[in-house]
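There are structures below to look over.
Here come two complexes built around chain A, the first alongside chain B, the second alongside chain C.
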Partner chain A sequence: MNLSFFDQFMSPSLLGIPLILISLLFPTLLFPSPDNRWITNRISTLQLWFFQLITKQLMTPLNKKGHKWALILLSLMVLLLTINLLGLLPYTFTPTTQLSMNLALAFPLWLATLLTGLRNQPSIALGHLLPEGTPTPLIPALILIETTSLLIRPLALGVRLTANLTAGHLLIQLISTASTVLLPIMPAVSLLTTIILLLLTILEVAVAMIQAYVFVLLLSLYLQENI
Partner chain B sequence: VVCSVLHATRQLHTTQQSLAPLPPLPEKGGEVRHGLIPEEFFQFLYPKTGVTGPYMLGTGLVLYLLSKEIYVVNHETVASACILGVIIYGIKRFGPDVAAFADKLNEEKVAKALAVKNEAIESLQTAIEEEKKEQWRVEGRSYLFDAKRNNVAMLLEANYRERLMMVYNEVKKRLDYQVAMQTLKKQKEQDYMIQWVEKNVIQSITPQQQKESIAKCILDLKALSKGAHAAV
Partner chain C sequence: LPAAVFLKDTKLMDVKLGQLPSWLAMRDFTPGGIAGAFRRGYDRYYNKYINVKKGGLGGVSMVLAGYVVLSYIWSYSHI
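Take a look at the complex of A and B:
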């Protein structure tokens, strides 16, 4: 079990069989599916309350057509949240640290919002490229800038998630290595480093939740513009 | 993979598998010690190893793994210590609150349904009370009608008397008029008669008679004055 710093980010495989699918589907096992009961146990009640809260939050700014996206946005949010939080446990693999996976999540969804906008209301969707009230000489430059900003969105979504999580995990690893190595040499500094690690862990928990939320929120924003 | 797929396809189930009613949920969750290990495990080892058995087993396992370097202490160890510390702190601090919140959500659900039922019962009882009151009111119906009848009779009576009075007043006015006419006529006749008599008398007084009466008056006056002088 001698780990280097890269083992955490290696896609797991057992005897050559890639296990990424299992690691992606594992979070689904953690959520109890609603039964036919009226009064459920605590975890089912809390789960239902939580999902209703998220769905209401996401769907309030959208119009009626956008509510078709409720299921996918909710499941995406819950998946990302669970994957991120589970990744903080020791010796776990976080699928969202792989850029390939995040781009695979971000790109199709973003493209779907864009195509919906261009198909149903093309002039309004293209109209978003020019903010209101710009002085006339700036218009060509601004359109170019806005187009670039539009096209870079999937990349931004994917890379944001990847970078945040990877950076967090890497920092945890580095600081814990420093703490371990310093323990026989300068125990006091080691203690300090451990305290830093504690604070970092709390930050990472927050970041994990926030990143999931931000991903889905931005997607819903793009959807709002285009639907 | 199979488990997750089974789990995910549960969304597609539209009906229950069996029509039997679901068994009730147990009141409390299973007993656990240290939040992880079920109590049954300790009970299972108790007859052979006593109270310290499971702890010895745990310690022995951990030391075995460490000493044989099956588990190597590396950076992940201290990272895992941190994250486990955070998790345990979170559970200990917010656990009871979250449980109370979940219980409150369930309570509210049940309370809403109970409220509906209670309201229905209350409204029905109010309806029963109202009905009983109406039945009591029906008994008093005859009194009500009597009172109304009396009222109407009184009104009619009053109206009749009023009209009678009016008739009397009208008749009296007409009769008074006739009486006044007659009185006036008599008065006028009397006055005329007096005037006529006076006129004739005044006409009949001739000048000769006037002189005679004046001379007589003067003589009388002289006699009277003599008499008055004598008296004084």
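Take a look at the complex of A and C:
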């Protein structure tokens, strides 16, 4: 009984063909490329407005060299946002619940920021390992701590996304199971549980959007330090 | 022979039932052909429901509903 709750996170396959590829490519259908008109259709207008909003928000703190990262950060943000939100539809599969995928997204991008910093401005990048104004006896310990926190960043990025989404989906499944099971026994409690489920779903929508944003924001922050 | 040439250009709705196997055999099943078919289908849907002056929620909702149904079919054995 308990193990069946984790079935929703199994990578789906049909006759051995992994379907995760389709779940990953489906968001591309939802964002049509705008054609060269002044006034485009409503989806393209909304899309353009939204992308400009995010890009401005993400790219303002970065210097000119960092603006080269605009495309990849924007597309990453939109991909994560769409995948997370699509995962809230019934019966769909959310690829971001797979730790392998989130680590595969987080690790190379973080490593790219780190190597950019170490290559272009090595002393500044290494200087981030020691915050200003630390008392002298604490310096060795603090450098070790800062190095650990630096090296753990990709793991934290990946696991944060995975854990948040997996926990949300599991909670939804558990509470809805409880609500359904309680319906013949105690309808009043079942009603309360359903209200909790509604609130939880609203929370999950918010979490889906926030987590995507946090992922990309942290990457841009790591980039700011290093570029 | 002239009938076979014209058969290649007829649309599916105009093909007679007896001509169906030969019509199917004439279709382009190369990877480029299949990609072209997907592109044509996408363009048809896009231009009919989304690329209109006052497109509403229905255009996107139909795609999402189709995605939900497809996911249901794929995960049926797990339920």
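Everything below uses one rule, namely that the second predicted complex is superposed on the first by the 224 of 227 C-alpha atoms of A that agree within 3 Å, B and C clash if a C-alpha of one lies under 4 Å from a C-alpha of the other, contacts with A are read in each partner's own complex, and residues count from 1 in each chain.
Basically, a residue touches a chain if its C-beta (ideal position, glycine included) is under 8 Å from a C-beta of that chain, and two chains touch if they have at least 3 such contacts.
Note that the structure is a prediction, hence the values are computed from the model and not measured.
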*Using the superposition on chain A described above, determine whether A:T201 touches chain B (first), chain C (second), both, or neither.*
first
*If you stack the two complexes on chain A, which partner ends up touching A:R42: first (chain B), second (chain C), both, or neither?*
both
*Just chain B (first), just chain C (second), both, or neither: which does A:P90 touch?*
both
*For A:P12, decide between first (touching chain B), second (touching chain C), both and neither.*
second
_For A:Q173, using the defined touch cut-off, is the partner it touches chain B, chain C, both, or neither? Pick first, second, both or neither._
first
_Contacts for A:K64 in the overlay, against chain B (first) and chain C (second): which applies, first, second, both or neither?_
neither
*asked:* Looking at A:L21 after the superposition, I want to know if it touches chain B, chain C, both of them or none. Which is it: first, second, both, neither?
replied: first
*Using the superposition described at the top, determine whether chain B or chain C touches more residues of chain A.*
B
_Interface residues of chain A shared between complexes with chain B and chain C_ = 26, 29, 41-43, 89-91
_Help me check something: in the complex, which residues belonging to chain C touch chain A?_
42, 46, 50-56, 59-60, 63-64, 67-68, 71-72, 74-75, 78
*For the complex, which residues does chain A have touching chain C?*
7, 10, 12, 14, 19, 26, 29-30, 32, 41-43, 86, 89-93
*Okay, in this complex, where on chain B does chain A touch?*
1, 3-5, 7-8, 10-11, 16, 22, 25, 71-80, 82-83, 85-86, 98-99, 101-103, 105-106, 109-110
*chain A to chain B touching residues, read off their complex*: 1-3, 21-22, 25-26, 28-29, 33, 35-43, 45-46, 49, 88-91, 172-173, 176-177, 179-180, 194, 197-198, 201-202, 205
